[in-house]
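Presented below is the structure to which this report refers.
Chain nomenclature is as follows: A, B, C, D and E, assigned in order of appearance, with residue numbering initiated at 1 for each chain independently.
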Amino acid sequence: MIRSYLYHPSGALECDVPVGQFREALSNPGALLWVDIEDPEDLDVECLLEVFELHPLTVEDCIMPNLRPKIEDFERYLFVVLQGLRRNEKGRLVPLELDLCVGSNFLITVRSEPIRVLDEERIRVEKKSPIIKRGADFLFYSLADSIIDSYFPILDEVEARVDELETRLLADSTQATLQELFGVYNELMILRRTLAPHREVLSRLNRGDIPFIKPANAIYFRDIYDHLLRMSDLVDSCREVTTMALEAYATIVSNRLNEIMKTLTAIATLALPLIVVTGIYGMNFSEHTFLLRFQWAFHLLSAALVLSLPVMFYCFRKYRWL
Amino acid sequence: MIRSYLYHPSGALECDVPVGQFREALSNPGALLWVDIEDPEDLDVECLLEVFELHPLTVEDCIMPNLRPKIEDFERYLFVVLQGLRRNEKGRLVPLELDLCVGSNFLITVRSEPIRVLDEERIRVEKKSPIIKRGADFLFYSLADSIIDSYFPILDEVEARVDELETRLLADSTQATLQELFGVYNELMILRRTLAPHREVLSRLNRGDIPFIKPANAIYFRDIYDHLLRMSDLVDSCREVTTMALEAYATIVSNRLNEIMKTLTAIATLALPLIVVTGIYGMNFSEHTFLLRFQWAFHLLSAALVLSLPVMFYCFRKYRWL
Amino acid sequence: MIRSYLYHPSGALECDVPVGQFREALSNPGALLWVDIEDPEDLDVECLLEVFELHPLTVEDCIMPNLRPKIEDFERYLFVVLQGLRRNEKGRLVPLELDLCVGSNFLITVRSEPIRVLDEERIRVEKKSPIIKRGADFLFYSLADSIIDSYFPILDEVEARVDELETRLLADSTQATLQELFGVYNELMILRRTLAPHREVLSRLNRGDIPFIKPANAIYFRDIYDHLLRMSDLVDSCREVTTMALEAYATIVSNRLNEIMKTLTAIATLALPLIVVTGIYGMNFSEHTFLLRFQWAFHLLSAALVLSLPVMFYCFRKYRWL
Amino acid sequence: MIRSYLYHPSGALECDVPVGQFREALSNPGALLWVDIEDPEDLDVECLLEVFELHPLTVEDCIMPNLRPKIEDFERYLFVVLQGLRRNEKGRLVPLELDLCVGSNFLITVRSEPIRVLDEERIRVEKKSPIIKRGADFLFYSLADSIIDSYFPILDEVEARVDELETRLLADSTQATLQELFGVYNELMILRRTLAPHREVLSRLNRGDIPFIKPANAIYFRDIYDHLLRMSDLVDSCREVTTMALEAYATIVSNRLNEIMKTLTAIATLALPLIVVTGIYGMNFSEHTFLLRFQWAFHLLSAALVLSLPVMFYCFRKYRWL
Amino acid sequence: MIRSYLYHPSGALECDVPVGQFREALSNPGALLWVDIEDPEDLDVECLLEVFELHPLTVEDCIMPNLRPKIEDFERYLFVVLQGLRRNEKGRLVPLELDLCVGSNFLITVRSEPIRVLDEERIRVEKKSPIIKRGADFLFYSLADSIIDSYFPILDEVEARVDELETRLLADSTQATLQELFGVYNELMILRRTLAPHREVLSRLNRGDIPFIKPANAIYFRDIYDHLLRMSDLVDSCREVTTMALEAYATIVSNRLNEIMKTLTAIATLALPLIVVTGIYGMNFSEHTFLLRFQWAFHLLSAALVLSLPVMFYCFRKYRWL
């Protein structure tokens, strides 16, 4: 599906310009033509190659999915790939690719599926928002800003889950918590992998030496870059908290095991001598064995058993076992 | 709330200059106007945009909270975001943002809540401290120095807690200590996350090529930068001690478990044969079984049991189990 | 085995040019001579040294195996070493080296064993594919692209195995899973070790300042470079998931051990007192001991034993042991 | 305490020059004045500010302790902070700060406590060592070299302890060894924290573009820099050995635990069936139960028990439990 | 011991030139004088200082052992320190230092002990190998190449041991394997510590801007540099495999412990109820207790005991304990 907006220097905005008039629109240096292609078809590709004279590699990048965010400057335009994120039906984070070609008086946006924040911008333009009046580079900034800012809700959600999991891990110890933590860790890595190349792209855009970006507008890309830095800081610190929580938790588990084993050992140590002695006196040599001939033997041994308990208990306390 | 100080080249200091006279003050290149805005209202924002002609992005950064420390140079002024730290009511460290615009003859400070060290500087100026006499850049240095030095007490406290926890962890093993260590670790990460971007800001300020900072004053920012390096060193080494303490502790716990298990095994090994043998002689086949017919059998087995104890004990010692 | 293709500026393609005519072909600046040597023999080496006047170090690199991917520019040609990967008969990943010399009007490819993707390109050229018409640098790009893209199936397979193993590790716990994970980890390291130097090579090739690469074609090498970046991202994140999975798994194992030990301790704690008491009453002092004289003693002790069970059970629940 | 040495171009050395004559000495470009201040008092500070015209920040750095090693070049002098290390009364490593101002014809050294290696150099100068003849920069090199080389004995001691601990850890397993290892780890971190900024300082000094250092003398600072690199290499590798030793040790401990638990389980597995069976035959249903009526039952069960032992033993061996 | 070779431009090679003729040889720009000093004595040192006019720091570096590989360019010569490795009598890897001074028409090699690969080169020169004909820089390359290539056998041996240990660790679990692994890890760190500074040295040598190295020969040093990169890659990946093997092994050990503990718990759980019940019936209250009055009680309890076994077994299977 192809949508187009032509902003005339006179201030008029024309929607859904026919493809046949693109060439004429491009010849007017004061106008701005925004072409938004969703799920490009063969006809759209032909238009990109012939009307806009895009490089074959650019067109290939626009059609093929799963690219890394990047920036490439060609003679006639600047090619930028950005990625948003959305949760798919399984709840996993998957990238939403947006390819942009920024020329002196045109902007092309290509994507294989609907991107909510982009459509909101599009509707704003249709409702005569002034963002299209300030040139192709400002319109590009506006779209890039929407894409990058769409990471904030995801990040906030992930951060909240990390906080909650951290508290839960130290308090109780079900395996479900661990699996959830592992899930969050995977999402943090997806976020980091997506944010890192964006940072490279924005870092180049805010340097002010990119053609098709007016130097006075570079400051706006610096603003997006600052947002990216904050996101990266947050992702990194979430990852470290996650790792540290796991380690601290492992130690707590070991610790608990120690306590349990101490108790078990103490009980065994207290009970086993008693069992042995009672076993000896339970043997059926009754009449013939000298030990059982003497009445006092029973009293002596009973006393010894009873006394052994406090003695052992004292020793355990001394060596901090109970 | 807006407060303003106008230092005349003649040496006179005028407090609470009305907003209407700002424009006149700015036209005097020898004067210095310090405007301090706490919790900016709509009127203050208008003043920033129209009187000081700040860039809309700067004003947005001043109003919105939670920014990362950063430095941006505009044509008419230098925009710097710094962050202090304070403990909130839950005892967690939260950032205290201070936004500064340094011009040739003005300094604007914007913050959303009171910052103690800044107010102290303000009162010092009111009491005719000479810091306002040396120009906008020196006043800026003076405020930045106060903000950065306000990290020292927090760092000292954290370092003392790390030292104390390290000793405690190796000495005893309650879960509370671990949770406390984890808390300290989180604070160390907040400190690192806050200090790292400050280092970038100060590193640029001391290079001596920033407009609105007189080259002769760059050395003062190098001084703040040195303080930041020392703080970063300290935070990093605290983090490593924390991590290492946790690991060493985990090993100590495992070690103790080993000792306990050895004892338990030794006790079981000593007791179980005795129990089995006494069990055999406790069976009620008395008259009919050949084993019990012979008196000497009891004496032989008793001797064997008694002898088995030192033999086992010797073996345990040999294999270092007891 | 030596194969050669001579593309005339007129558009004609001559296959299997005799070695004796190489010198003449090289003297024609508009022609393009591609010489593909598999498992070089002494005669081939002589040809490289004398006809193409390659540097002795280059020839040594072509003959000796196991080189690291690299790029070296000589006066008359550019020398590039690339590596594919294949599984040997034991299923281990081993490198497949391809050495390329790119001159102004010739391309030499040397390899010690057949490389499938290269042979496919060769057959495409024989079938008059246009890739040979665009000069030595484009032909070089075309071969390099085939080599690098041959990593994708291996990467996809490894990624799928990581995903599957991650799920399996957290679900069950056989040692086979761990050994398989370790095998995948080793393959990830081989991939990383092979991709990293390729990235250096391609990074230099896309800079546009390499002789024998036309600036207009540098964009194609940037495309390969992007593919490499994506692969590296993927390998790195697979490695982190692998490591984290192992750690999370270790914690789950500890956790399970805890549960088991708790149960064991609880059982022992419940049973041992019963055993001791029944042992005492099983002693053969029957007639002479005062304890057994009284009937009520049995009832009292039986009651005590029966009561001890719910009391202990309550305590275990309270301390979260059962 | 202030000590001063004035070297005249004529070759004469004057000790303890009065403060009043400093100004005159400084006016002689061929002379060299070395002022060594220990524990600076107010009068000394005044002299630094007024006679040598040091920057207020430099003087502040000289008086305040605990600075990080650093280098700052001012118009009239070069300011360098170096740190030695000494063991305090508790045996902990604490820094020994030395501040140096290197001018064209003067050298000022400031320290808050005695530094042994510096005093040795001082005494050597008093005994007419030639090091003062070669200018302020060579005297500075000579002092810096002494300070840095004073790390070698400490490093050698730490390295010997790491070696000894590594051997001990793997051989036995007392908690004291672990605590000692932890102590060594802390010292390694102090060493690293101190050496890292020194490396920055020396790296700048040997570049040859520092005023007040004659280019021909830069090679001497390169020599100190090489020493620092070797020290850093040593500290890093000691740290890694320490960490790895701890990990290997943890695995050995787990391994031992496994062996112990296997034995315990084997014993329990061998003993429990015997205990159960003997218990059954010890029940007091004698006359009434059918099982005990038959004499052969006892012989059968005894045989079964005796046979069960080698069968179990065989199974344990098969599954590698004993 | 001092050995010298003088190559005349005429092609003649003179061995063991007397020290007195060195000065004359140096005055001939077309000749090449190679002086090889083993275990330098006072006379040799004097010759280095006076005939070759080496810097005192260079001579100090030549005499003192244990230096880090490095490169320093002086006005009249290039000073390079390289290190080989040998196993000492204890089997530990120790460095073999070789110091080289490369001038325009001389090469000095100094070492404190025999270096096999160097002596082989020396003998080759004596047998009129052409390497001395191509100038001091090529002779230097030839020696450096021999030294660096002498790492390959050591690396191959270490890699083979890592491979073998990795397999063994996962298969069985003696403590000897762990100690051996730790030994290999130590050797890997020695290798890394030695290779890293060599890389810096060679990286500078192949840049082509070093005096005394002809630009055309820089390619040869690039060749050595490539070898170093491959070695570093190999060492790094061996280290990671070692670390990962240790971690995977630790998890396997934990896993086995779990299996053992499960079995132990299952046995105890099955046996303890039986023991308690048989104990109760073994008590000597025979005639007086109501429980033993009834014949059917014994049959009931026996049935309960026998039934409890399959029930428990079923439960264990259900919760995956057996």
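Going forward, a residue touches a chain if its C-beta (ideal position, glycine included) is under 8 Å from a C-beta of that chain, and two chains touch if they have at least 3 such contacts.
Since the model is a prediction, treat every value here as computed from it, not as a measurement.
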Subunit C to subunit E, fewest steps along touching chains: 1
Type of subunit A:subunit C copy interface by residue overlap (half), same or different: different
Size of the rotation, in steps of 5 degrees, that lays the CA trace of subunit B over subunit E: 145
Separation of subunit D from subunit E, taking each centre as the mean of its C-alpha atoms, in whole Å: 24
Between subunit B and subunit C, centroid-to-centroid distance (C-alpha), Å: 38
Residue numbers of subunit C (touch at least two other chains): 250, 254, 257, 261, 264, 268, 275, 279, 282-284
Chain-level touch network, classified as line, ring, star, complete or other: ring
Going from subunit A towards subunit C, every chain in order around the ring: A, C, E, D, B
Touching residues on subunit D, where the partner in the complex is subunit E: 170, 219-220, 222-223, 226, 229-230, 233, 237, 240-241, 244-245, 247-248, 250-252, 254-258, 261-262, 264-265, 268-269, 272-273, 275-276, 279-280, 282-285, 288-289, 321
List of subunit E residues in touch with subunit D within their complex: 55, 57, 66-68, 70, 72, 74, 173, 175, 178-179, 181-182, 185-186, 189-190, 193, 196-197, 243, 246, 249-250, 253-254, 256-257, 260-261, 263-264, 267-268, 271, 274-275, 278-279, 281-284, 286, 292, 295, 298
